[in-house]
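Look for chain A in each of the two complexes below; its partner is chain B in the first and chain C in the second.
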Partner chain A sequence: MNVLDIKDLKIIFRTGDGFVRAVEGVDISIREGERVAIVGESGCGKSVTGLSCMGLLTTPPAYVTAREFTFVSRNGEKHNILEKTENEMLRLRAEEMAMIFQDPSTFLNPVMTIGEQLDEVFVYHMGLKPKQARERSIEMMKKVGIPDPEMRAMQYPHELSGGIKQRILIAMATSLSPRLLIADEPTTALDVTIQAQILNLISERCEKEKMSLLMITHDLGVVREMADRVYVMYCGKIVEEGTVDEILTSPRHPYTKALIDTVPGMDEKVERFVQIPHNVPHPMNKPQGCYFSNRCAYCTELCRTKQPPLYDRGNGRKSRCYFRPEELWEK
Partner chain B sequence: MGEIILKTNDLTVDFKIKKNLFGKPSRLSAVQNVNLEIRKGEIYGLVGESGCGKTTLANAILGFVPITSGSFEAFGHTVTASTKPAEWREVRRHMQTVFQDPYSSLNTRFTVWQIISEPLYIRGERDERVLRERAAAMVEKVGLSLRDLDRYVFEFSGGQRQRIAIARALIADAELIICDEPTSALDVSVHSQICNLLLDLREEFGLTYLFISHNLSLIKHITDHMSVMYLGEVMESGATDDIFANPQTPYTEALMSAILEVNPSKERERIILTGEARSPIDPPDICRFANRCPRVCDMCRNAPLPAAVSIGGDHMARCHLIGKGE
Partner chain C sequence: MKGYYLKKVLSSLFVLFIIITLNFFLPRMIFSDPAQPYFAGVPEDAVALREQIREANGFNDPLIVQYLDYLGRIATLDFGESHYYKESVWKVMFSRIPWSMVLTVSSMVFSLIFGIIFGAVAGKKRDRAADKTLLALSGVTTAIPSFWLALVSVMLFAFTYKIFPYRGAMTAGYTLSFNGTVFLIVFACVIALAIALKLITKKTLFIFAGIPVSLAAGIFAAVPLADIADVAYHAALPVMIAVFSGVISYALLVRNSMIAVTNEDYILTARAKGLPPSVVLYKHTFRNALLPLITNVGMSMAGLMGGSVLTEKIFSWPGMGQLLLDACNNGDYLLSQAILLLFAVITVVCNFITDLVYHKFDPRIKEV
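Let's look at the complex of A and B:
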């Protein structure tokens, strides 16, 4: 059963210079207990997709439309996220879905202690008394591996390191065992050895609480580590979809292939790095045909003039490219 | 490999931290007795996590922070804590730097040619025509166009800004370029562009790079020699290939195992370190990694970190466990 079903999601921002189409018709579905990743570079629309699932985009400037935007809660009830009022969303968030962000320090309140911020979840959503809430908070902090939780609960965010803060956010997000956890670049701001710890913790929590995971990242290494299925996004559109193993071993879209090739393997030493020419187009100024056409090594006249649809390539794999890989990689 | 152009001798940088007005200041040990040798024409990697002192070391070499003790030799000068500013400037003529974040390291009120030619202006060149011409020559070398000369920084993407920063670093004929995480603020698809550009420019101008990064896979491919730093101390140093083939200290092993491999057919054994780095303020005189080390023993917690031992060639490592078996 699907936890989340999004069909034809469009997100438009009104800016001083006009309308920016950040997301242009994205279909995403997440099954129960599945770990899904969205991978792409900055500006591809992956973060706003995550925020829209949580109902965190304010209108204006953001305008969100979709043919279907269904979240199924634990009791089987179907919710249309786009039609929820803010009050209804407040209930859904934390209890049914939760999100963790890239930079933990901006999401913690600097004038409240860690304990108070964790307690809030239990007081607000479960109606616990402050003392019981604190007990639950301490218990949660133990679950996410924070040493000496009683002492940490009395501290303020500025007294903690980035890794500990991210653990606190994970504790907060998973304390009511939501059905869906959205993680938006949770380790980008952290050190490599801490990244390994945090990724481990997220998988462990997901497994224990039977949560589905939507991992938003730019790092293919994280995708490989954390996800079963992946959507590759470029300029607001999904360009490829499939299981992680298949996509990483046999990409079908030139962009995915280029992304994989730019990360050299650890076994052999390379003299030069494979590079993708040019830059990601400005969102107000996307190419007329395929959005990747100006950087694609296999670009044809057709690509330059007409936007390719998302072709179904069988086995749950989709690719937004006119050509089949065997036609492409031979060229 | 060419002659040594930069050599540090027990270079140490401490910061004094006063907790209150009257208390005795604490010592924050940022860089502790670092010895490294950079040869002409090579790329020397400095790798470690945030707070390990790699940027402070670079800043000390560039003179942005004062040296506490020790010295370094570069370009025929020996620089110590008491070196006069005039001599400092002489040394610094040969060095330039490319910073991590091209969004904050470029002056937004300057046009591109002003930014690029500023080092020449500081050296006393005041003729605008000359400055512009030199900037124009540089701009093409880093893959921007002449039309970009009169534009402002905000019109450029991150990758292009980093190209501007590189042009500025190269214009005054520096020999040693210190690259402090030059790609970590950039998008994945632009990473390789900047790395390839740095490699091309090295060929063309015969440059030497001190390349600071926390990205081990980048360090592996790009550098000839490297040092692994942890909390101000160099744990392991030597030829990059040797270190990757045969890491000697538990910290280097853990760092390497934390690299996320993209290829799904490769299974890697992951060493997940527990805990976090200890505070660099008044560190005890033992191995600074002891509280996280998966192979810690009694000696690590009690005796000072041993001096560097040669593993073979110039591969040096500091650990109690070396030579003691597993």
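Let's look at the complex of A and C:
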């Protein structure tokens, strides 16, 4: 059973220079208990996709449309996210779906204590009295492995380390055991040594509370650890879709292959890091044909003129490329 | 924590010392002869007599001796007697301070209340009618000097239409009947209530609010209603002019800071938690957005007792600003020195208090 079903999601931003198409027709589905990752470079529209699930994009400047945008809550009720009023969304947020963010140091309110910020979830969603709420907060802090939670609850965000702050945000997001957890690059701003701890914590929380996970990241290492299925996004479109093992071992889209090639190995000594030539096109100035055509090593005349559809390559795999690997790099 | 306060107190004292020193030397550079006011009634050609007065008042001593003498008198809070008013400088100043405060405190209270509301509305609905009006008005208030506005409104509302009086603070005389006992009783009662509320709810807010509220309650109880009405009638025009520019500047500050805070990441976290919009606004946005306002208000607190020289002159208001102007014009040396010193002390004290209060509202300020 699917927790989330998105079909043909389009997100447009109105800016001073005109309209920017951030997301152009994306299909995403997440099954119960499944861990799904969206991978892509910055600016490919992966973060706004996450925010749109939570109904956190404000109109204007953002305009969200979709053929289908269904979220199924724990009691089996179907919700069309796009037709929800702000008041109805308040109930879904934190209770049914929650989100953790990139930089724990800017995502906590600097003038409120950690305890106050954790309590709020219990106070406004469960109607608990401040004292009971604090007990629950401390219990949550223990669950995410924060030592001495009573003391931490009295502290302000600036007194804590990045790792602890991210743990607090995870505690905040999972305190009502939502059905879907959206993690927007949760380890990007952390030290490498802390990253693994945080990823382990997220998996552990998801398993324990039977949450589905939507992991938004640009880090293929994170994808390998944290996901069952992957969507590769480029310039607001999905370019490849498949299970983690298949995508990482046998990519079918030149962009995915290029991404994997950029990851340096641990044991080989490299003179120069592999990079994808050129930059991601400006969202207001995307190429006419395939969006990757200006950076693709295998680009043809067809690629430059006509946008390829998302081909079904069988076995649940999809690729937005006219060619198969055996016609390109495996030749 | 203790070290923090000690450091602040010491640095404030150091600033005060510098101000006192400047206060001694600066007027001696500006005025032609500090002994001039002592010669009142002494004919020009009575050189010997003049020299005698000069000698008797220590003007012939070396500057450093005069300076030490001045420091000594300040240490004993002795400011001497005003030559023009023939009264102790303390007495002259304290008869004027309340009048300045009538104008400044009421202007500030009204400016703050309306400024915060206006700014919050404009900041919440950016680029809508309220916001555009605010931006346009801020252009107007920066372009038009407030004394010009004061002059024009006196001409219009006091002379042409005769809605408001054009000068003074009361219809007859400047003496209010003030019942000291009633004031003390009411003041003590309200303060006690505030402390009790603080002890019950454990919120320092009640102490912060308790002090001004009890002062106001005491004053309203101690002064007869007819006098209050008379003063309010006289103060209406100058207060309205001050409030007009005050509201705009506070509103602009709140508006900009609201917009900045609304785009902060932690507001997104608060929304993602499913908090109602009102909670996001008051508990998360406002608490952060009002921080710059605290600094601003703290700074202008210093001006509360000082009053505004221009406004008081235009409306012939018997306040401190007018007093300073007259003291300078009359060469009333000791008085002008004392007023300047008082302003300086108030400024330093207000900055000190602002530091402490800010510390309370923003935990990020390090206690080092």
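In this section, the second predicted complex is superposed on the first by the 329 of 331 C-alpha atoms of A that agree within 3 Å, B and C clash if a C-alpha of one lies under 4 Å from a C-alpha of the other, contacts with A are read in each partner's own complex, and residues count from 1 in each chain.
The rule is short, and it goes like this: a residue touches a chain if its C-beta (ideal position, glycine included) is under 8 Å from a C-beta of that chain, and two chains touch if they have at least 3 such contacts.
Owing to the predicted nature of the structure, the values given are computational and were not obtained by experimental measurement.
In the overlay built on the shared chain, the residue A:124 is in contact with chain C alone; chain B does not reach it. Looking at the shared chain after the overlay, A:194 reaches chain B, while chain C stays out of its contact range. In the overlay built on the shared chain, the residue A:172 is in contact with chain C alone; chain B does not reach it.
Look at A:315: by the touch rule set out above, it reaches neither chain B nor chain C.
Of the two partner chains, neither chain B nor chain C is touched by A:75. Touching more residues of chain A than its counterpart among chain B and chain C is B. In the superposition on chain A, A:85 makes contact with neither chain B nor chain C. When the two structures are aligned on the shared chain, A:54 is found in touch with chain C, with no touch to chain B. Of the two partner chains placed by superposition, A:285 touches none, neither chain B nor chain C.
Across the superposed pair, chain B and chain C touch chain A at no common residue.
Listed in rising order, the residues of chain A touching chain B in the complex are 41-42, 147, 161, 163-164, 191-197, 200, 218-222, 224-225, 244-245, 248-249, 258-260, 262-266, 269-270, 272-277, 279-280, 295.
Those residues of chain C that touch chain A in the complex are listed here as 264-266, 268-277, 279, 283-284, 287-288, 291, 361-364. Across the complex, chain C is touched by residues 54, 56, 86, 89-95, 98-99, 101, 103, 106-112, 120-121, 124-125, 156, 158, 169, 172-173 of chain A.
For chain B in complex with chain A, the touching residues are 49-50, 157, 159-160, 187-193, 195-196, 199, 214, 216-217, 220-221, 241, 254-255, 257-266, 270, 272-276.
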